[in-house]
Each structure stands twice: as C-alpha cells, then as structure tokens.
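Take a look at this one; I'll ask things after.
For clarity, chains are labelled A, B, C and D in written order, and residue numbers in each chain start from 1.
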C-alpha cells in the first residue's frame, strides 16, 4: 500500500528532516511510527498525503508515485486517506456534527446517508452527545477524538494518525487503539505516529522507529517480514 | 497564591464542568493537576487567568478575586502569569524569536534587555538554533517547547501549564519538568495540568486529582499540608 | 465510581469496540470502498445549489462588507449610467442640431425681386438642398425681436424696417460637406450681402462631446477597475476568513471547483445585486433630473428634453455588474487560493 | 548515538538544567519581579513609534486592499473636491453677476436732453444707486452689434441710427430689493420707454446653485459614508487577519490601547494618504479643466474663469480624509475587538 524508496526531504531552511528512508507497508497492515520529538514522524505522514514532496527518492501509494499525481488527481488520493492531524485541523465555525459531515460532503456521498454515518462515527469516539456543540467548547482530548471521528467516517482504505492520543488519558488512549484495531480487522491499512512507546508496545503491532530523520530497524518490524532501509 | 472557594462553572450549554471545587495553593508551591480527558483541568486553569468566570464561588489570585478585576486591571493580572496553552496559541506570521519577544514587548520591557532574555529562554527549551524559523516549520513537540519558552521568558511569579508534555517524548518531557523545577527553586509558583500520571508520580510533587469536574483528595496533596475541598 | 458525564457512558468505554461492526448494514461503504470520482461529485445535482447557498450566506448574515461592496458596485454603475445618460442625450441634441443645419443667405437691402429669384434657382440646382424658404423683411424683424428678448423695445423705434430679404435652406446629411463651397459660390452672386451657416457650431459641439466621451470612457474604466479591486477585496476577506476551511477541505480531498465555486457565486451575486441597485438609482436620478431639467428649461425659455437609457445600455449595465463580480472573484481566487 | 541535530545538543539535554541559573546576572528580572504598570508601558517612548510602524506594515507589504482603499478614499475625496470646485466657481459667477445688477433705462427716441437729465437726477436721488452712466445711441449700436454676433451685418444696412439714449446704473447689495419699485417709478416718468434689470436672472441662477449645493451635500455625505464603510472593511480585514494575534496579546496581558493603536494608525494613514491623493487628483483635474474651459469659452466667445479651491476647502479635504480613516477604524474596532 505504501512504499518509501530512499526518501530524503530537505526543507527550504536546509534542514534534512528525512535521510534516505525506505520502508514498505502492505495493504491491511497496522504499524506504529515512533521516535523522539522532531525525529521526522509527521514529515513521513505528510509525504503520504502529499502535503510535502520528497527532495530525493519516491513515495508510492497504491503503487503510484504521489509526486507524479496531477493537480486533478490529488483530491482522489486524499479522499482515499483518512488523516488525523497532530493539530487536529478542526473548523471552529460550525458544529461537531458539521465537522464530520464535511468529510462526507467533500467525498460526494449521497446526502441521505450522511446523518447515520456521522452519528456512528461520533458514537465510536464518545462524542454523540456533543453533536450540536461547537468544537471550541470541547476539551483538548475531546477535540482529538473529533478529529479521529472525521478521519474515519468515510471508512477510507488507509488511515494515518499523527499522535492521536497525545491529549488523552491512558484509558481513553486504549479505547482509541481498540477502535483502530476494529478498523484493521475490517481491512483498513493503518499507520499511527506516536511518541508513547508504552502504548505501542502494549498492542503488539509492528513498530517503525525513527531517530533524527532516519529509521532504526525494530525487532517487531523485521518479524513482520517488512523490508526496511537503513537509517542515515 | 491561588484559592478556589466552592467554584462551580456551568457552560452556556448547561454542562457543569466544575462542581464546588475548593483548594488553595501557597506561593512558591509546585502542583500537578491530573484527571481524565474532559475532567475539567483546562477549565480550572482558565479560571485563574480569567479566560472564564465562575458561575458560583470565587477564585482568588494573590488574595484578589479575579471576577472583580476591572477591564483595566485584567492585563496586569495576566502579565503576572505565564500560561502554556494546550493548543500552544503561537503566532504563525512571525519568527520563533518574535513569538517570544512579543511577550516581553507586551509587558513593556526595556527593548535593550529583550534579545538576551529571549535567547536564554529559547536555549532552555533547545530551540535557539530555530530562532529565525517560522513556528509553522516546527514539529509538534518543538512548538510545544516554544510555547513554554514564551510563558517563562518574563519570569512571571506564577506559571500555569496545560498538558505541556503531550507532544513530547519521555526524555524531552523530563527535561521540561526539570526546567520547571529550576523555576520552582527560584520562587516561581507552578501548576501543571497533565493526563500523564507516570510523569507526575516520578517527580514527587503534590497532585490534585480531578474526576468529572470534582476533586479527589490525593495523598501527596494532604501530606503537603494543603487545604482541599471535597469533590462533588 | 462516579459516572463520567463528559463521556457518554454508552459508547466509548462500553460499546465502543463493538459498534464499528454495525457498519455491516451498509456493505457498499466498507473500509476499502472506492470514493466517488471528481466528475461524479461535481455533476451531482446538489453541487451548485450548495455552492450558491454558501455564497448567499454572508448576505443573509448581513455581512457589512458584502453589502457595502454591493452598494459600491451600485454607486459605480450608477455613475457610469448617469454618464451614459448624459452622453445619450448630448448625442441626441447634437444630431438634432446637425439635422437643423440651417444656411441663411442675407440679401442686400437694395436687392431686386429678379436677383432674389435667381439666387433661389441656383441654390435649388445644388444636390442635397431642401426646405428652401424666402424670409421677407417683416418676418425678419419678428425673429430679431424674439432673439433680442428684453432689448427688443429698441426695434419698436424703427420708423422704417431696416432689414433685407433673406433665404434659408437645409442640406441633406450626406451633402453637408458641400455647404462651405456652396456658401462661397452664393456669397459671390449679385445682390447677396452675406451667407451664414451653423455647421461650424455643430462641429464645435461634436468636438466637445467627443472629448466628454473620451474622458468619460477613461474615467469609467478607472472607476470600474477600482470597483473590481474592491470586490476582489471583499472576496479576499471571505477567503481569509475561510482560509482554514479551504486548507482543511483540500486535505479532505475536495476538488478545486468544489472549493472555488462558492467564491465565484459570491462575486457574481455582489455584481448582480449591485447592477440591480444601479438600475434603480439611475432610474430615480433620471426622474429627479427630468423635473429639474424641464424646470430649468422653462426658466431660461428653452425646450430641453431628457431621454432614458436605451435597452442596450441597460443590458450593458447588468453585464458590467456581473463582469465586475466575476473579475473580482477570479482576481482573489488566483491570488489567494492558487498560491 | 547519532547526534540529534533537531535538538541543539548544547542546551536542553546537557546544559538545560544549569542554564536557568544564569539569570543571576540580571537581578532586576528575577522570578517574582513585578511587571510594569499599564501607564508605564503606554507612555514608553517607543509605544507610538511601534504602533505606527505596525500600521505602516501592510502598506509596505503592498497589501492590495490597503492601497485600494487609499485609492477609493482619494477618488471619493476627489469627487467631493471637484464638486466644491464647481460650487465655488458657480458662486463666484453668481456674485459677480449679482454685483453687476445692472438696471437699464431706455428712453424714447424722441427724448429731449432736459428729460434725460431729469430722469438721471431722480435716479441719483435714490439710496444705493451707483455707477450711473448715459449711453449715447452710437455706443448702443456698437453694443448691439457685439451682442448679435454673426447677424450684426443686418445693422450695417441702417441708414440712420435707430437706437435711443439709455441710462445704466447699479444698486448696492443691501438696497437691491428696492430695484423693482425704483424701476416702476422711473418707468412712469416722461421720456422713459422701458426699464430692464437682470436681478430676476440672478435669482433664478441662485436657485439653481442652491439646488446643486443641496444635492451635492446629500450625495457627498452618502459617498463619504460609503467610503467610511470601505475603510472599516479594510480594517476589519486586518483585524480578522490578526484575530489570533489580538487574542494572544490579550492573554499575554497587553493593554487595550496597545492592541488598538496600530489599527487606529492604520485608518488614519489610509485617510491621510487618500487625502494627499485627492489633492493631487483635484489639482490635475483643475488644470485639465482650466484648459478645456478656456477653450470652450473661446469657442463660444464668452470669457469663462475657473478658480482653484481656497485653502480652507483644501483643509476640509485633509480633515475629511483623516476623519474617514478614524471613523472607519473605530467602526471596525467597536464591532470586532470589543465583542
């Protein structure tokens, strides 16, 4: 599903956020992406939904190089990926419900199907009662859960989560991971970036470990049979 | 320094976020405020810097009721409190340096003193080299550290931190707590909200534990000799 | 344990893990189902309705900037309309004056009937001459008196009519350029004192109107350009206010057209509402001015007329409104959405 | 271990815990030092300089909306200025005409010198009469010819001067209302044929100018109100663009004035720049029109004049610009910052 081939990313400041990173995640897999603050986790995720382009190397999603997508093809790529952003990226000028419904509208879903599916997504993260509130009136952790609901409402084949439990207590964090597990069982491919090694360890899913823009081979990863490039 | 007397806060939605919360933190103390997502931690902090007003009860800072401050007195209260916001509240139209310098400008510091003090605050959180970058180009954890630098650059007598390590790996989280410890040793009063019970436990500082808008007495708190109200 | 009211107890802690399986009731939407293509989304029957509703939103919310912009468009188009009104009427006056195109031949006081007839024949023989009339001295005095107004009392004192015979005729439009040659020829005939024709005046007035039209076009162009900028500003305002929304929609996979359509409709709405306002204002100004002009005409004893804009000009006004709105929208879109 | 380039190795991990102690070199700033009071911050020598620089920023950044607004202010004030120019000159013409206020007494052709002198005496005896002149028939013919223009050839045919003597005089401004009584009295005297005076014309023109002034004031007021709205929109744009900044400054403890001053300066700058533009444009229009008016005057044989705006009007223009900017700023501030 996702392949990185010797991907290097140098930001305009000259800073090399990724150094010859290579890995490949098969369809239907569930990986954690771990590393210290500034290791390059968010950068890896941004490359997948093409919020950034690699300086060198190539990123393939579903076998197609994202760098070569035309302006017209990009939206379709993104509609196929559910992204949970580290900074949530919620809209504070509309209700919790409308935030989730927007993802369905954008994807052009049949309007009659929207209410039921939105409600189910909100229920999954425990926000159904908050449906008519404005996200600004949600606590940090509640906003994070709203972001999760929006990313999953369309049931995209690929879900990418950036630090989805940073604002959640342990119990709620486990619940979210369980939700991801359910998606995984239904065939969704998942990649979850987190700095919480304990959380990743608990689940037993393979881990991709990063340090300063490079990968460090991880036991659980190799046991998963994935090809892994060397860190810089 | 901070006193809550039977504070109840009902949001316009009718939701009771705090229920008769009472506690008092003496000058120079260092407390953690813990609790699950949505317990009311951020709400307690907002009451202190008067981003919210209590529905019932009173909040005193330095012996003065914040609810009774006039519009003209409010800025002075806030200049005396360094706040690290859960959502950072950084300015993305100026450099890392300018974000920190703004806090000093607003407080009317002598312009010649600004550069030295800003650099020191940035060095404390490991962002000195990022000084001329825009915060948008910082990773989640780096932004969080920038927020910490801004809150502490004026060396306010009171520092309030809302989930200051949510985006940081363990090592960096410990470093930030150590930085707070140094401030504490120099006489600063600190109140740090977090969902990370391990982090709070490691340090040995007293904990105020919240659940559903009420307090639960905590052993380390009573051992500290603080008066504590009952949770609802 | 105290129930956690902030987390509906039903879902996340207890039912959370099982509820996702409920999606089985909707097999088409399983995790892996392909999303709709761009074409399918954009041709969906609701797309334009939604975009238009979104565009109307700020007007319904009584957004000060949107209504101000609409008023500005209306005022600018009214200025344009008023200007057209002036030009249309000046042109009418000019062509009426040109139609007059009167040539007057003054005979000597001592002229004989023979000579008068001779001159008349020569004039008639020329192409394009119409309405040839002979003005007797009596008639000439009446006219002179009318012309002198208050001071005509002077003429009452004349014991003997001092005025000579004269001849008047007009020239057809296409032969007008011949007037000055003809005037010279007639002027040289026996018994003719002098020839006067007001073609020169018409030419001078035409020059003035041409200048007016030129200045007016330049000014209108500048004015409309400024208004397009104002429209573009208002839409920039909306874009800035919705910057996050646009960015987020991009990340959610929204198509370009899906994002831009509401802004384009917004510009169009402003332009059309502005044009409607301009039609109203120009109409009101017209009726106000009509009264004033007739009044003025009466006061100065001249028969003034004022026609309203022809249909084509009204169409141009509406077209300009729509164009202003669209140009403003595209200016903003290209500057702030494609960067 | 690979060095972590994203975290400068010097500070956080190794030197982090010791560096805070370095603040000892600055004892006045220790954790617990009282922050400055509001007064101290606002009176600080740098405050207004900083606010002004912040206000200039969007202009320096070539913000389209700021320059557009400035151009709009300039255009609106130019329209106002042009209108003032028209009124000022119409008034000058009117008062010159009123100053003329010529009364002409036409004597009968058969008048005797005795009667002429008698009438002159009676006229002189009235209060407010000045510039009494006797016009001989010869002089009258010259004048009549001048008045008839092209058709004056007619008069050359007169064998004998048909015009009578006449008397002209003016009336002082304050006694002007007496003119019609005086005219009646003189008209009844022996040897007097008729009396004409142009006071009526002046009154009609004054009425026209009054209407113009009224319409102009109403239109100018509407125009300026719309421009104030446009300014307020532009500042709203800035406020929205800086909404986060304002909120964050509030949380950092910034004083109201500290937050608002840049926006007020921004409005003021727009207004003053707009006024400067308007002065320039009005000046250019004046010189352009001056040429055209003189040309036109020559073409129609009238001596037209055109004066520029007096200093007071120029001051009003600058004042209006500043006021527009400030009103716009305060409109936006009260709507979007105090909510």
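Assume a residue touches a chain if its C-beta (ideal position, glycine included) is under 8 Å from a C-beta of that chain, and two chains touch if they have at least 3 such contacts.
These numbers come from a predicted model, not from an experiment.
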item: Steps needed, at minimum, to go from chain A to chain B via contacts; value: 1
item: Farthest chain (mean CA position) relative to chain A; value: D
item: Inter-centroid spacing, chain C versus chain A (mean Cα positions, whole Å); value: 57
item: Distance between chain centroids, defined by C-alpha means - chain A, chain D (Å); value: 63
item: Residues within chain D bordering two or more other chains; value: 6-7
item: Shared-contact residues (touching 2 or more other chains) in chain B; value: 36-38, 139, 142, 171-172
item: Residues of chain B that touch chain A when the two form their complex; value: 11, 13, 35-38, 41-42, 86-87, 133, 137, 139-142, 144-145, 162-163, 166-172, 195, 197
item: Chain C residues touching chain D - in the complex, by the definition given at the top; value: 64-65, 68-69, 71-72, 75, 106, 108-109, 140, 144, 147-148, 150-151, 153-159, 162-164, 193-194, 196, 204, 208, 211, 223, 226, 229-230, 232-234, 236-237, 240-241, 292, 296, 299-300, 335
item: Chain C residues within the chain A interface of the complex; value: 6-8, 10-13, 15-17, 19-23, 26, 29-38, 40-41, 44, 46, 50, 244-245, 247-256, 258
item: Partner chain D, residues of chain B touching it in the complex; value: 49, 51, 71-72, 75-81, 83, 85, 89-91, 93, 102-103, 105-109, 111, 113, 116-117, 120, 123-129, 139, 142, 154-157, 171-172, 175, 178-179, 182-183, 186-188
